[in-house]
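Below, each structure is written out as structure tokens.
In the two complexes that follow, chain A is the common piece, with chain B as its partner first and chain C second.
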Partner chain A sequence: MATELKVAWGPRKDNVYLGKEITRLDGVEKASGAAKYAADANPKGCLFAKVLSFKGGAGKVKSLDLSEALKVPGVKAVHAFVKEGDELQWDGTLVAAVAAERQEQAEDGVRAIKFAFDAMEHFVDEDDLKGAEAAKRTKDLGNNTKGDVEAALKTAAVVHKGSYGIATISHMCLETHGSCTRWEDGKLIVNHSTQNVSGTPANFVSELQKQHNISVDVADVTVLCQFVGGGFGSKFGADDWGAAAAKMSKEAGRPVRLMLDRATELKIAGTRPSGFADVTIAADKDGKIVAWDSHHWGTNGGMKGGTLNLAQFPYVFDFENRNRKATGLITNSGPDRAWRAPPHPQLCALTDTAIDDIAAKLGKSAVDVFLANLENITGPALEKLIPTYTAEIKRAAELIGWSKKWHPHGKGGDGDVKRGLGMAMHTWGGSAHAGTCTVRINPDGSVESLSGTQDIGTGTRTAIAMVLAETFGITLDAVKVRYGSSVYPRSGPSGGSTTIGGVSGPNRRAAIAALGKLFDVVAEKHKVKGNDLTAKGGKIWSGTKEICTWKAACGLLGMMGIETTGEGPKDDGLTSVQVGGVQMADVSVDTKTGIIRMNQFVAVQDCGLIVDLLTAKSQVYGGLIMGIAYSLTEEQILDNKTGRYINADMENYKLPRIGDIGELIVEMYQPDSEYERGVIGLGEPPVISCGAAISNAVANATGVRVPTIPLTPKRVLDALKAAKA
Partner chain B sequence: MRDPHEETISQVNGSGFNRRDFLRGSGAAVAVTALATSDRGATAQDAAKKNVVSAKAQDVTLNVNGKDHKLSLEPRVTLLDTLRDDLDLTGCKDVCDTTNCGACTVLIDGKPTYACSRLAHECVGKKVTTIESLAANDPVVAGFVKHDAQQCGFCTPGFVMATKAFCDKNPGATLAQVRNGLGGNICRCGTYVGITACAMELVTKKGGK
Partner chain C sequence: MRSFEYARPETEAEALELLAEHGGNTAVLAGGTDLMNLLKRDVIQPARVVDIKNIPSWRGLKPQDGGVLIGANTTLDEINEHALAADYRSLIDVIEGIRAIQITANGTLAGDLCQLPHCWYFRNGYGLLAMQDGESLVATGDNRYHAILGNSGPAKFVSASRFAPSAMAWDAKVRLVTLARSASEGADAVAPKEEWLPLDYFFQTPKVNSQGVTVLKPGQLITHVWLPAASDTRSATYEVLELCGLDQPQASAACCLGIDGGIVRSAKIVLGHVAPTPWIAHEAAKWLVGQPLTSDIAETAGRMALAKATPLSHNDYKVQMAETAVKRALLKATNQLGEIL
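Our next item is the complex of A and B:
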């Protein structure tokens, strides 16, 4: 009788690897500089490409002549992205590319390009709703109503009107977007900086056909990506510049590496949409919110006229009486791409700030008001999280010392430097994406997993190895994880916190199937029942009786070993969906300079079954730090007059440095009930609450709401000044 | 968020012109065009012009990781591009190219330096040390792994080199000193907590050695 093993995670207490802190398997490779990224690809004969990008708000191409560029020493291929008469709708739009023997020669080539344009009208002021209306740059994105807001406002104990906002930011991947392309015997090979190894070959094929009339079969395109230097939601496609590199590579008969320069990267390779809102919020005397009325606007760039999704407002909570309305602004700015947890950080920043203000108006602690409003969470997926939120709010409050440190808004001390506390809470899906994998047990006892996934720095490779080592009861070094090539079985793109479920589910399923086959062979050889067997500590056991070593068992397999396939997602409990999460910030605000310092930042985060506790915590730390960045300093600054992105470099696009983050306290919320839920994604959630939590802490310190995030010194001082007037 | 390395990075500047001064000068000129005080940029550019004999490629010998490399390079080529494209030493990364982020940190005569801030010609006669020279069991590399001081890993080699140089020179450093001393590098994924833990462990032991 064939062995039948149940597909499930094992009892938590028996785990050797799962839930433990395991250092990442590619750690040495990366830290020692041995890891090769697309930006490092330098095959024999490689040409280096540079782009010419448009510098202006909007314009029409008057003339474009690349002939002089071709005469520059070292230049081997050129490409025009636009032609005469084309409209260039935002700063940074690609005009042309030049590939040369050396980088400096490519730069010479770019300088030799003759390019002229007629300036056109532009509009870039993302928070100026009236200006946009006057310039006919708005799109009505609808409104809807629930209950009776007007009646509720009349009977409410307290009503607050506030304005809130969160500016556009860029992804700022440290490895810019790009690839190294080469053709071998009519086949295209691309070292590509991507979050989407399996999906990109088809995208290269369609872009090459559409843009350059070059035909190649998807089966003849290989995309390779072992390491990617940051993506955050912006690296899923071939992109115009990837297709251009492949085209120039074909023309020159040489490999071409085209990585965007820093300025162009910031301008065109992904932004996070902005959001601004006028909110009227009302509560009863206990702080329970009884009415919400909001009009929000903002831009998602790319002349698209979109903003944050109306249906997701207000965030996490919904109120009995609620009006909402949205207006999109059509701006001459680089198009948005998914930015970590789209668009939850913005939704949270516009919702939890208003809730904090109503708490302040009641003279109540934000913790009490958020707790009082948990019953305003509706919908089957979120209602289940109410006990989690309750526990997380209480735990975060303990960790930051809320009850000791809290004071009413504006009572942050007598000196120039005021101190305050703020909180916010979030949710994210994090379901498993579709994916397959192959698992092999080799006759020598080694084990392989093959899948076309990618490790974007989250620790995917380590997680796969842990799942196989746990399932087979072997050591991590016996597991070889092969990924980062489109040749391997297809796996989903790494976006939306879907990867951990997308790889752990299929690998566990394939491994359990493989283990069953191995047990069949062991059972026959040793005259035991397959269903009684377990694999632990490098041995095969029947109950408490040792049958043979793992190696000896694999030695029974013959040369072909065992190969199985795993698929996902499936409804077998290995993976699940929907997490909560609570964050609390303790900040100091210098009211003379407007500078905010982080004192402490606490995150309590659930994510179902934790695969690797070490890398899971790293995700949360990273989320907090990216959150500090967009809360305090980073933003895309577009100049009204010229329409240009004026801080598109790393000196003026401000990111926090190692001394700017204060003390971070991360606690994974992991009672057994979380383990029982199975694996849920974790990358997005910890970056969501940061803006609101920090803004609320500043409001608590100073008694003044700084309306727009990031809370730069100028915005802080402006708000303090306005409050005094 | 000023770059604390500004004061500590050595001015490897035997030839009288260098890319760092040029970048700082031209950056200042862009930032304050309204003010008539962009003399620093002009001075750096004048100095550069005076010292460049020929713009054509010239033979140079660079000592990198203890080995001499004979190369033919135009004077304008940065040390960063030379290391990455000519010598395939890609551990130092090209991230900002404007001396802000530290991803290209190497050691020049033992001092941490942004490779994008130096022209290759400036480094003739100096000892350039890149991350590729670290031993497989280097304690800084091991510390980064132990404390999970990396995610995407793109800033990591630069941070490892900065951490190595700092910890070697500052055994017993305080947390505040570590934060200040490693302030010349930028990470986007948010790995500062692990890096701080790693550096604190190293300085309380015996530095980066």
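Our next item is the complex of A and C:
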């Protein structure tokens, strides 16, 4: 009788690897520089491409002549992204590309291009609703009503009107967007900086056909990506510049590497939409919110006129009486792309700040008011999280010493520097994406996993190895994880915190199937029942009796070994969906210079069953650091005068340095009930609450709400001055 | 970046010759920490870059005329570690505030004094004065980081030098050299010309794009910075830095104080990053003399230093920042400033 093993995770107490802190397997490669990224690809004969991008707010192409560029020594191919008469709608729009033997020759080629444009009117002020209306740059994105807000406002104990905002930020991938393309025997091979190895070949094919009339079969395109220097939602496609590289490569008969320069990266490779809101919020005397009225606006760039989704606002909570309205601004700015947890950080920044202000108005601690409002969480998915939120709020408060440190807003000390506390809370889905994998048990005892997934720095390779080592009872070094090639079985894109479920489910399923087959062979050989067998510590056991070593068992397999396929997601409990999470910030504000420093930042985060505790915590640390960046310093600054993205460089697109981070305290919320939920994604959640938590801490310190995030010294001083006036 | 000639002289005479050629369209490479940015962004297009790091006489610190002579090749780390520099506390404050090993290991004091503005219009290719169709882009554009003093003319950028305020407060002098025509040697003959200039006169506010931010002529450079004796002068610099790492200050102030019997006997206060040149606060310094340096007095001095500020449309906030920088520099110099953040 064939062995039948149940598909499930094992008892938590028996785990050797799962839930433990395992150092990432490629850490040394990355830290030593041995890891090769698309930006490092340098095949024989490679040409290097540089782009000419539009420098202005908006314009129409008057003329474009690339002939002089072709005469520049070393230049082998050129490409025009636009033609005469085309409208260029934002700063950084690609105009042309030049591929040359050397990077500086490509730059010389770019400078030789003759390009002229007629300037057009631009509008870039993303928080200027009135200006946008006057310039006819708005889109009505609807409104809706629930209950009776007016009546609730009349009977509420307190009513607060506030303005809140969060500016556009850009993707700032350390490895800029781009690829190295080459054609071999009519087949296209792309070293691509991507979060979507399996999905990109088809995108290259469609873009090459559509843009350049180049036909190639998807089966003849291979996308390779072992390492990615940052993506966070912006690297899913071939992109115009990837297709242009492939086209120039075909023309020149040489490999072409085209990575965006830093300024262009910031301008066109994806932004996180802005949001600004006027909110009226009202509560009863216990702090329970009884009414919400909001009008929010903002831009998602790309002349699209979108902003944060009306239906998601207010965030996490919904209130019995609620009006909401949204207006999109049509701005001459680079288009958005998914930015880690879209658009939750903005929703949270506009919701939890208003809740904090109503708590302050009642003279209550924000912790008490958030707890009092957990019953305002509605919907089956979120209601289940209420006990989790309760536990997480209490634990985070303990970790930061809330009850000892908290004071009413504006009582942050007598000196120039004021100190305060703030909190916020969030949710995210994190379900497993569709994915397949192949698992092999080889006759020598080694094990392989093959899948067209990618490790975007989150530890995917390590997690897959841990799942297989755990399932087979072998050591990590016996597992070879192969990924990062579209030749392997298809796996989903790494976006939306879907990868950990997308790889751990299929690999566990395939491994359990393979183990069943191995047990069949062992059972027959050793005359035991397959269903009694277990694999642990490098051995096969029947109950407590050692049957043989793992290696000996595999030696029974013959030359072909075992190969199985795993798929997902499935409704077998291996993976699940929907997490919460609570963050609390302790900040100091220098009220004379407007500078904010992080003292402590606490995150308590659930995510179901944790595969690797170390990389899970790393996700949260990274989320907090990224959150501190967008909360304090990071923003796209578009100059009204010129329409230019005026800070598209590493000096003025300000990112925190290590000294700006303060002390991070990360605790994974992991009672047994979480383990039983199965694996849930973790990438997005820890970046969501940061803006609101930090803004609330600043308000608590100073007694003044700095309306717009990031809370730059200018914004802090302007708000303090306005409050005094 | 564009191609350029690269030259590596080993003597002052060679350097001056190499710098004078190409009509003086040459650039000096000392630390190169900002030169590389300017070249990569195509803001400047020198025909030749002259690397001066191999000129031994331009390196190191040594006593001279009761003070200290610092060669143009001397890195900030070398200054920071040298006993002769230890008494110039306000300079050390700036080095400590840089918090970027790349800059302190390669950057030089003279290079910092010659730094071009970080104005984002200038660095994005709109020229030093950022004029378009006869109109200042800065005046009506995003001027959050621009000048709040000395900004009535076309120049509205802020001086980029982080060391100028402290060096000027110390009454530093700079040695400028260039090749100049030498009448005694014949009509076409040139000879090195040396000049010692008080740093107070080194910076200028350009009125047209072709003027520079310093008095340096094409082919001319700083070879040494001289600081007078430190004696028992108290000094400090306070920079308002948004980031705890490499960042341009949004305002700064440096001071040198002579204090006797608890009373200020001499004072010089210089602000940075508030005007197109480092900004000497004459009146505030004059007012300080004869008074004890208390927190209230320091605060008043800060207000006086900014009394004539003319903020632009988006940088009113910098006035308070700069007032605070003055106050805190004065308190720091007299050991009265506690830990801020």
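A few comments on the model shown:
One rule holds for everything that comes next: the second predicted complex is superposed on the first by the 725 of 725 C-alpha atoms of A that agree within 3 Å, B and C clash if a C-alpha of one lies under 4 Å from a C-alpha of the other, contacts with A are read in each partner's own complex, and residues count from 1 in each chain.
Keep in mind that, in the parts below, a contact is a pair of C-beta atoms (placed from the backbone, for glycine too) under 8 Å apart; a residue touches a chain by one contact, two chains touch by 3 or more.
Because the structure is predicted, anything quoted here is derived from the model rather than measured.
Shared-chain residue A:Gly229: touches chain B; no touch with chain C. Of the two partner chains placed by the overlay, only chain C lies in contact with A:Thr712; chain B stays clear of it. Applying the stated contact rule after C-alpha superposition, one finds that A:Asp416 touches chain C and leaves chain B untouched.
Look at A:Val439: by the touch rule set out above, it reaches neither chain B nor chain C. Looking at the shared chain after the overlay, A:Leu624 reaches chain B, while chain C stays out of its contact range.
Once the two complexes are laid over each other on the shared chain, residue contacts for A:Asp590 go to chain C alone; chain B is not touched.
Looking at the shared chain after the overlay, A:Cys690 reaches neither chain B nor chain C. In the superposed model, A:Val28 makes contact with chain B only, not with chain C. Within the superposed three-chain model, A:Asp639 lies in touch with chain C and out of touch with chain B [touch as defined at top].
If you count the residues of chain A touched by chain B and by chain C, you find the higher number for B.
For the contact definition in use here, the residues of chain A common to its chain B contact set and its chain C contact set are 104, 633, 649, 651, 654, 656-660.
By the touch criterion given at the top, residues 1, 27, 74, 76-77, 81, 84-85, 88-98, 100-101, 103, 130-132, 134, 136, 138, 140-142, 144-146, 148-157, 160, 176, 178-180, 182-196 of chain B touch chain A in their complex. Chain A contributes residues 23-24, 26-28, 30-37, 39-40, 42, 48, 102-104, 172-175, 227-232, 259, 261-262, 456-458, 614-615, 617-618, 621-626, 633, 649-651, 654-661, 664 to its touches with chain B in the complex.
Of all residues in chain C, only 1-3, 37, 42, 99, 118, 120-121, 123-126, 132, 137, 140-142, 144-145, 240-248, 250, 314-317, 320-321, 324, 340-341 touch chain A in the complex they form. Those residues of chain A that touch chain C in the shared complex are 55, 104, 107-108, 111, 416-417, 588, 590, 592-595, 597, 633, 637, 639-642, 644, 646-647, 649, 651-652, 654, 656-660, 712-714, 717-718, 721.
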